[in-house]
């Protein structure tokens, strides 16, 4: 149970959650809540995996995966933005649809093997004590993409004009509209970005971190964990990365601790094959609950929190007077 | 009746900033603008007068690019334009300050100013923008804090930000929609000075209002609209009386509220002692407010928006926590749930008719039984009596003249006036001991306003104590036995027998410009 | 030319059911297209569903068996959704109910040999209580701390499964297999086929007492929702919580109570499944009843009796769908149905208007 190994694996596994969470942050900051992340991730996972297997090229699989997620998200976008339907139900429908479609498309895929995306060790940075071994040794190329995505996302949201528009649309769309910002188009774009990133997250699983297709278990609820992470992150990419890597570490820890024969001299009740391991499996999900509680209380206390217009369809004032 | 007594000279020489011809705009079920003509000369303040629902905001929204008309032509500076969005209007130099500000509360002044611009294209430099905003504000003589977040500002300050924003975007033509609704008299005077200065510098202003006195004070020309049509164009304010203007506005003269009959005030009903509360943002809204109300009297609260009057109503009706003591008929209702207040005989006509006072998608019957559904005759044990509910609802609809084809339809189809009638019907039917009415006539047309006033006066005669919170000083003067002025969460002045000449002093108190009132805040029984 | 959505002022009574049916038909059509695209045979698949679910009295009985837990969980979801409380945890509450009922026999809480007349009601209570507890947790968090119930209920689904698996693989495992020992005969819900000695036509019909629980629950819910004060208060909370508060209703209390009842109903469904069908506890007792229930509730527009109709429909889909290749088709169709329903909702609330622009000549 080497700490650096656990953390390194945590970073790798956390990258999956990171992509999905940042994607959802973009969507929610524009005012649209998309609960279909699990479905989009599954579609990305199966699409990426099957295309990569068919073409023997994981990069093409990656692109297709992202587009699959994006395409699904557009369905939610049309229903939520143009048809002004209830965004919660629409997101759930997307999950069902994505899950079902993924099962259908993934039929017969288990057992397939693909070339995964390359792993890289960054030459100079890897020698930095502790941090270097965790972040820069033999990490999938996607992990580095994730690391870069965080500051880029933050900069985009906080310091650019498009980011200003994004924030305005999510907080007070009427004001943005009056200033000439196209609310509907902005929301479409960011929901689509959320879908692209969710698809990317799914592909990260099947093409990089845990290659293979295992039906619904491939994603195993991580889409939902990502949604919870967004609340914990208070809609900020910087906090999201902390949560994502933390969860990644927990997932890794759960696996690792099952291999240890004894803890502090006592027989390990959680060793693999014993029924108590099921309590370990509960851990990530219980942790999400804790994390969401913390996020909610903080939002209440700081009087900040969710984008003010989240989940509310925008209708240009029709009666005017 | 002389014909066109008061129209200004036709402008052959003065250039037109805006020319709108034959504008048609409709919404589901209503024709908001029917073949409307309007023009604005350069360097003038042109007032657009009309009561609520006349179509003035709609017309201006067309000029500001927010709505696309179904018919008509708009020319700006002689060029025909077709605006697809507010951006196009801003590019043409037209900017509009709406009744509900187009500001994002969580962002700073500078960020809000930047929102509508094209530059910088990508990377924002907030510090530079803040400096530019400060400079521009100084140029036009307004006080703004560029780094402040909008939610931290008072309503009057927010309005200033809106104007600065438009000037920053290069607006030469400013349209202001009911700008004085949220201001105290002193602030209104300041605004007028600013407008005159801007116009002297070559800009043009359209001033939308339903207040005759203000329009006569500020406008160079007046156009009147009623029910989607122009009833009088290009009037000269110097050659016309308020009465004539009112005639063009509503087809009859000003609001006639029946005179208040003298009523013997009875026992103490409401006692508010040293109450403090915070608003939704966590900032102090009430800071040691105290007042009393007795049976049979209307106590008016005069205040500029954002000085704690909304929170006062919520504290009394149990919708907000507070420290201090509020008692109704001897029962303590402060910091207790709304059911306690309701049981003590408190009725509440809230500020927000659709957000708090009604359930828009439930039927009108369901909305009408909202107060009475817990007991006989509308309920027996846990079961509701549907027939009794319907009978009650039909009765109320008749007595209070709620105009609707059917009471089974959802409440959201009711017009503003009729929804308010529904709410009043429901609340008054409980024969309350205390009625808290907040902005009860906001957004209503003249007929509806008169109706509401009659109902309130009738309730007063039957011995209910009424706390009337209103932005319209004229309404308070017509209805209230006593008027209290609130400023920054405290009662700062009290007028035992309020008259029209008190308006100036009230205005001063409303903006914190005077010492506390010499008289105590409670009335002596007569 | 402008295409606009305008709010309808008057909604004709026939519009909503017509659009609902239209949505289902449209969804089936889309599903057929996708199925054909992936190489399946939609006509044969759909014909098979109808045959396998309603073909004869035997399979009809099996359909009703599948519908029973759906009715109860659908009711659970409908109750909560009516108040805009998104109970996505019916699946977990179902599992906890199954566990709770099993605990009575497997701990055991009541000794072996206890007669049915005592055992069954106790198991019902245990199942309902366990489900209620599982619903109370997210309910309390939402009511008191404002915690998003979608996430909490969903996470608890996974926790419930792990909990169940612990007991089934561990202390209660029979011979190390993934199931417990069979329940004693007193713990089983009577089935129609049990009476086949007296009524030979009932032979082989597996519909069980759980169906009675379901119908009774529906009847009670129906009365409560449409004719009692509580139903009125729930409708008010669901439409406008601020108005409900203004009316003096204690929303916190309602949130907690409704979540508890919702969980109890789902828990009862779990109890009914293990005592009426599976006759033991396993980890794979639900093919996603709790999730299908969401769609059922929505399809039924939250109306209790309509839930029954929708449940039979979906029961058929689940029963026959097991044999359709590829697997995942029923789940996919469920998603498409929900989407079509949402889209059709728009037409209930809005009218489409096309406006031609006129330009005045000046």
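Observations
Residue numbering begins at 1 within each chain, and the chains themselves are lettered A, B and C in the order written.
By our rule, a contact is a pair of C-beta atoms (placed from the backbone, for glycine too) under 8 Å apart; a residue touches a chain by one contact, two chains touch by 3 or more.
Just so we're clear, the structure is a prediction, and the values are computed from it rather than from any experiment.
Taken together, the touching pairs cover every possible pairing of the chains. Top contact pair of chains, counted by C-beta pairs, is A-C. Distance between chain A and chain C, defined via averaged C-alpha coordinates, is recorded as 28 Å. Taking the mean of the C-alpha atoms as each chain's centre, chain B and chain C sit 47 Å apart. Centre-to-centre, using mean CA coordinates, chain A is 45 Å away from chain B. Among the residues of chain A, those touching two or more other chains are numbered 318. In chain C, the residues touching two or more other chains are 7.
Looking at chain B, one finds that residues 28 touch two or more other chains. Listed in rising order, the residues of chain A touching chain C in the complex are 35, 39, 75, 79, 83-86, 88-90, 92-108, 221, 224, 227-228, 231, 274-276, 278-279, 281-282, 285-286, 288-289, 292-293, 296-297, 300, 318.
Residues of chain B touching chain C in their complex: 21-22, 24, 28-29, 68, 70-73, 317-319, 337-339, 342, 348, 350, 352, 355-362, 366, 369-371, 373-374, 379, 382-384, 386, 409, 413. Remark: chain A residues 159-162, 164-165, 167-168, 171-172, 174-182, 303-304, 308, 316, 318-321 touch chain B in the complex.
Note for the complex: chain C touches chain B at residues 2, 6-7, 9-10, 227-232, 235-236, 239-240, 242-250, 351, 353, 355, 357-360, 362.
By the touch rule above, chain C contacts chain A in their complex via residues 5, 7, 34, 38, 86, 88, 141, 145-148, 150-152, 154-156, 158-159, 162-163, 165-166, 169-171, 173, 291, 294-295, 298, 325-336, 338-339, 342-343, 345-346, 350.
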